[in-house]
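In the two complexes that follow, chain A is the common piece, with chain B as its partner first and chain C second.
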Partner chain A sequence: MHAAALMLADSRFPGGGHAHSGGLEEAVARGLVHSESDLAPFLAGRLRTAGELAAVFAGAAAHAGRRDAGVDHWRLLDAELDARTPSPAQRTASRAQGRGTLRAVSHLVLDTLAAATPRPHHPIAVGAVVGASEGAPADAALTVAYLAVSGPASAAVRLLGLDPFAVNALVMRLIPVMHTVAEYAVRHAGTDPADLPAPAAVGLDLLAEAHDRHSQKEVRLFAS
Partner chain B sequence: MVHLVSSACAPLGGDELVLDVRVGAGATLRLAGVAATVALPGQHAGPSRTTVRVDLEGALEYLPEPTVVTARADHTAVLTADLSDRASLRWREILVLGRSGESPGRCRSGLSVRRAGRPVLRQQLDIGDRELDASPAGLAGKRVSGTGLLLDGSTPAAAGGPWWSRVPIDGGALTTVLADDVVSALAVLTTSMPG
Partner chain C sequence: MPVEHTHTHPVNFDPTATEPDPHAAATHAGRAFRLGIGGPVGSGKTALVAALCRALGGQVELAVVTNDIYTTEDADFLRGAGVLDATRIEAVQTGCCPHTAIRDDISANLDAVEHLEQHHPGLELIIVESGGDNLTAVFSRGLVDAQIFVVDVAGGDKVPRKGGPGVTTADLLVINKIDLAEQVRADLGVMVTDAHRMRGELPVITQSLVRTPDAPEVAAWVRDRLAAQPA
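Moving on, here comes the complex of A and B:
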């Protein structure tokens, strides 16, 4: 694992990831998740949908970052991920974390990305940072696959008071799936952005939109 | 107005259907189904595939009836639409996870829409993976998934309920719904994009 990936996956990395629950807060508010046993399918589903999409774009961005792609390519990647993220609430959450990630690092390659889009999607920012540091697409893909579950898992501990050891055991059980998702992403790292996979996460999109509507009327702990 | 009629239960495993639709500037086409599409396994093993390619400069309304994904189906449906700057599209898709009391087979539904060469919406929905069908991240245990896309230059406000949402998207709106039955899903799609 590349050290840039370790930095990005660290919960102490100041990229703002702690403010997002990945749809878990809305799922908890509705009673869809209230224990470790129903957190498991939530996390597994999230990893294999939103996590897979994030991994695909992080891998592609790392591939682009390693070869110092131009502004046009970054714009294209960003537009293609936007087209795969129809929920405005999901777009905002992803761009907030992408912006936060860029603010916490510095590199010439990232200046090109920032010139293309000052608020890039999170997986693209992560991939760009890893690629700029000469890390591999696999490092970037695995990082966002891990973050796709570690964020909601930690949110579950805070929202439901679940046993942190039991919750971490759930995350650990998903490690083989994280690798499967990352390997799938790596196979597409050099693919034309238009042809990158586009796995839907219908439930997460609906939870994100509902979270956004509710957070305008009542206090929520997480931004998404 | 064109009705698409399947001669028998279709598609079956092994079927490969390609439909090319071209609507020129100033023209309006309404494509509708007459009955539900029932995705079934064929006599010989093998997946079925439906590809619809749309080249749009005028207006297209494409409102097929629901697709029922039966137990041993292995079906892929792909819709690719290329819109010019002033083209307009109204489309919906309703996928049903199995007949009454039946678990679904596999169905992959891909949607790819571009306007003036720019990507607007790209999404692939996989049905029939037990874990994803049941997870709140996927289909949340619902039996019916509905999608409605309206790209006509309008800007409907965002709206939604627990299991549906309408969001603005590049000169139009995307409505997404998960429901327990077709009637409820259709009601949401019809109300969300009237016309």
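Moving on, here comes the complex of A and C:
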């Protein structure tokens, strides 16, 4: 694992991730998750859907970052992930974290990405940072696969007061799946952006939209 | 064998010493002055922000970012108070960790600040109000140019003595709600003495927004800070 990937996966990395729950807060508000046993399938489902999509694009972005791709390629990659993110609220959340990642890291490759889009999607920013640091697509893919789970897991501890050891055990149990997801992403890292896979989770899309609406009318503690 | 300490240091290495921060916050000519207002829950941060909006709004182009854990609560309060145009108020969600959003990971707040600057060219002052937190919460210098820490007499007259980075290092300490001192049996004299002892030369202002709703002393302090900025 490349140290740039470790930095990005660290919850202390100042890229704005701490305020995002990945749909978990809305699921909690609706009574869909209230214990460790409900959290397990939420995390597993998120990893195989949103996590897989993020891993695919992080892997492709790392591939692009390693070969110092041009503005047009970054724009295309970003647009293709936009097309695979039907929920406007999720797009906003992803772009907020992508912008946060760029803010926290500075590198010439990232200037090219920022020239293509100043608020790139989060997986693309992560992949670009790893690739620019000469990390591998696998490092980037594994990072976002892990973040797809660790963010909501931490939110569950904060919102529900769950036992942090029990929650961490759930994250640990998903480690083999994270590697499977990352390996899948790596196989597509050099694929034309238009032909990249498009795994989806309609449930998470709907939770993100509901969260966005509720955050304007009632209390929501997370940005997504 | 101990070596005799004969030389002097340009800075004081005594960790218990209180003195003004020798490092000025980086100034950025051409953008709004960023002022953080922090302090415990219920100490009167939002009321102070509203007072500053009333006192300064006529002369200074200003906007506000709120960080209440119940994120829209303070923004709604300010909109309802009618002291500021609704488009000049941004609310930030902090994921249950208000101190993280102003100190360790400031990106959401910087996003909000930049959003306001883009939509209101010519802003001179952006007030970032933190969510109510504990005495250890301070603003990062990456987010604000100066910060005010607000405590109140009803929170207990031991608060200044307890110290913490908010009380000891904020550019201005405000002891609020002094009209309640008698009712809550707080010794204001002790609070002020403790505050000065903990803060060295840094200023302390006591106020009651019941008696002086426009916070004249704090507003004057803010005006001085704005005047000291490079154009």
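As a convention for this text, the second predicted complex is superposed on the first by the 224 of 224 C-alpha atoms of A that agree within 3 Å, B and C clash if a C-alpha of one lies under 4 Å from a C-alpha of the other, contacts with A are read in each partner's own complex, and residues count from 1 in each chain.
The rule is short, and it goes like this: a residue touches a chain if its C-beta (ideal position, glycine included) is under 8 Å from a C-beta of that chain, and two chains touch if they have at least 3 such contacts.
What you see is a predicted model, and the numbers here were worked out from it, not measured in a lab.
Between chain B and chain C, B contacts the larger number of chain A residues. Applying the stated contact rule after C-alpha superposition, one finds that A:Pro86 touches chain B and leaves chain C untouched.
Using the contact criterion defined above for the overlaid structures, shared-chain residue A:Ala210 touches chain B, although it does not reach chain C.
Residue contacts after overlaying the shared chain place A:Arg99 against chain C, while chain B stays out of touching range. Of the two partner chains placed around the shared chain by superposition, chain B is the only one that A:Thr49 touches, whereas chain C remains out of contact. Contact with neither chain B nor chain C is seen for A:Gly190 once the two complexes are overlaid on the shared chain.
When the two complexes are overlaid on their common chain A, residue A:Pro41 makes contact with chain B while staying clear of chain C. Of the two partner chains placed by the overlay, only chain B lies in contact with A:Leu32; chain C stays clear of it. Using the contact criterion defined above for the overlaid structures, shared-chain residue A:Leu159 touches chain C, although it does not reach chain B.
Applying the stated contact rule after C-alpha superposition, one finds that A:His20 touches chain C and leaves chain B untouched.
When the two complexes are laid over each other on chain A, chain A has no residue in contact with both chain B and chain C. Residues 23, 27, 30, 32-33, 41-42, 44-46, 48-50, 79-80, 82-84, 86-88, 194, 197-207, 209-210, 213 of chain A are the ones touching chain B in the complex.
Interface of chain B with chain A (complex): residues 110, 112-113, 118-126, 131-132, 134-140, 145, 158, 160, 162-165, 167-169, 174, 176, 178. Across the complex, chain A is touched by residues 69-73, 92-97, 100-101, 104-108, 110-111 of chain C. For chain A in complex with chain C, the touching residues are 12-21, 96, 99-100, 103-104, 155, 158-159, 215-216, 219-223.
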